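Each of the two complexes below includes chain A, the first together with chain B, the second together with chain C.
On to the complex of A and B.
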């Protein structure tokens, strides 16, 4: 199996940070995703939207990172939301019970209302 | 690093290896006599450990050693006795060899004087390379078995594997509250007697059991781990290893016996406990199995029904 690739773009507007991973989040790319999340939280970006419009796959390693981010943000009075997940990514998040913790919105504007 | 620091690290490393080797021997036992002979019996035989002069059974010898355990003056005799036990058990049979080897490895984890003895070092040096070789070779067949198990699993079996933990129901919440209180009490008692392995076992059992539950007392557990790590440096890292090895063992064992539900639940628990920490043991092995699982769920067109289960419909 070929190694998964991940590209991450980030933007901050009006105090809201949008993190957009493109590709797969699995064991191989999780450290890169983790670095992006931690860097933003450390920089004081505690209102985060994960834009999953270009995400093809997420494993429990990635969902574990989202869970860690959620706990970290809660501790700092921050919030997170998820937007634009493909059906397969949405399915995985749901199966891992993560949608019970953070709802998945259909677009960025709806996600903004959560945070 | 000081000599004491070096020694502590050596003990921890050897203890960690011993714990992993116990699991590896258990997995080896699931893989037939030929493998057991090749990867455990033969290396010890070639090292000259075989001894057929004992008249007592391995179980009897183990029982007698257990009776002596409480006597502090007995500690320095454990490793030589364990070596003799393993040597004698080789003549008795493969099952006896498995029991005696696991007993020795458990004693290595039990007391650092045992883990630093010449006999322990000799024993682990003999069996570790072949066991590692076996685990590496077995990893591929593990994936194949997993693929076959999931592919041939009945629809209902996969669906129940994803059944949610009962979230926030009154009874479950009360149970979790009382469990965390019990954990605090038991750890307090164990730590009073400086029984670090017991504290670790209590914590790992609790975390593995409840970490994917919505009412999991994460804050309390973290406080306990911090307190134990202040008292025993490296406790947190050892605990991580213990849990990763335990979950990986559950996964491999359940893959082998076709218990798909246990496999899937252990994968999910691993995800929640290690939160994408790539330094966790078996991180990549488990990730590969997960990809296989999702691929088959897609092929079997089970997502829709699985989601219904997850929603509790």
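On to the complex of A and C.
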């Protein structure tokens, strides 16, 4: 049995939900990421920071989920931000236009100001 | 000329193996930013073949042939799924894509922007996608 490619931790403090995926988000692991996002939004956590400090890789499967989350949150009056992306993850977000839609901040404290 | 080849089953659980093989193959032939983009492009192409070509039937196989002459990197992706030319897929309107909250459909567009891509139909069945990263295709942005 191979090691899990994606682990996700979640915390909610002062009304802010921080979702921290560790590993790779690709076409195989995207359903795990989707479940985490949808579960939190369904629970009323509509101020979300994605902490990408432990994310090694994201493909369009992950960007699509972030985009769906963004629109879902907008519909509920919520907001999202992204923090601590590595240079390669930031480059992918930029290549796929997502940095024009959601701020990518250097740390969690800066991201908190967005939401 | 440096060459290598990898055969995987049509299962998304094998994508991480492809990314590892690409990282090892490219080595110092590209900088880390370029390497990341090449890996993204090929990962997207193979994910599409698995999901849309083979429709997740993991009895199918995909062969990734890798070549480097030091100045350009070439990758040939061969599958035996039904004929399909992904280069005929129109590019999405990005504003509309994001405004509607769409999920999916970016893969082909992203790999066409990163790599020079050509398609060959295998007359006896299957498809070949030839992806080349020329030295001058840098600093691309959508």
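Heads up, the rule we're going with is that the second predicted complex is superposed on the first by the 111 of 115 C-alpha atoms of A that agree within 3 Å, B and C clash if a C-alpha of one lies under 4 Å from a C-alpha of the other, contacts with A are read in each partner's own complex, and residues count from 1 in each chain.
Criterion: contacts are C-beta pairs under 8 Å (C-beta built on N, C-alpha and C of every residue); 3 or more make two chains touch, one makes a residue touch a chain.
Everything numeric in this text was worked out from a predicted model, so none of it was measured.
Asks: Superposed on chain A, are chain B and chain C clashing or fitting side by side?
Replies: Clash - chain B and chain C, as placed by superposing on chain A, overlap.
Asks: Would you check which partner chain A:61 touches, where first means chain B only, second means chain C only, and both and neither mean what they say?
Replies: Both: A:61 reaches chain B and chain C.
Asks: Go through the superposed model and pick first if A:26 touches only chain B, second if only chain C, both, or neither.
Replies: In the superposition, A:26 touches chain B and chain C alike.
Asks: Contacts for A:95 in the overlay, against chain B (first) and chain C (second): which applies, first, second, both or neither?
Replies: Once the two structures are laid over each other on A, A:95 reaches both partners.
Asks: Which partner chains sit in contact with A:5 here, chain B, chain C, both or neither? Use first/second/both/neither.
Replies: Second partner only.
Asks: Which partner does A:72 reach: the first (chain B), the second (chain C), both, or neither?
Replies: After superposition on chain A, A:72 lies in contact with chain C alone.
Asks: Following superposition on chain A, which residues of chain A contact chain B and also contact chain C?
Replies: Residues 26-28, 57, 59-61, 63-65, 67-68, 71, 87-88, 91-92, 94-97, 101, which sit in both footprints.
Asks: In the complex, go through chain C and note every residue touching chain A.
Replies: So the residues of chain C touching chain A come out as 12-13, 15-16, 19, 32-33, 36-37, 39-40, 43-44, 47, 50-51, 94, 97-98, 100-107, 110, 113-114, 140-142.
Asks: Could you please specify the touching residues of chain B with respect to chain A in the complex?
Replies: Residue positions touching the partner: 162, 164-165, 167, 212, 214, 218, 267-268, 270-278, 283-284, 286-288, 290-291, 294, 298, 303, 306-307, 310-311.
Asks: Report the residues of chain A in contact with chain C in the complex, numbered from low to high.
Replies: The touching residues are 5, 24, 26-28, 57, 59-61, 63-65, 67-68, 70-72, 87-88, 91-92, 94-98, 101.
Asks: Within their complex, state which residues of chain A touch chain B.
Replies: 1, 26-28, 30-31, 33-34, 57, 59-65, 67-68, 71, 87-88, 91-92, 94-97, 100-101
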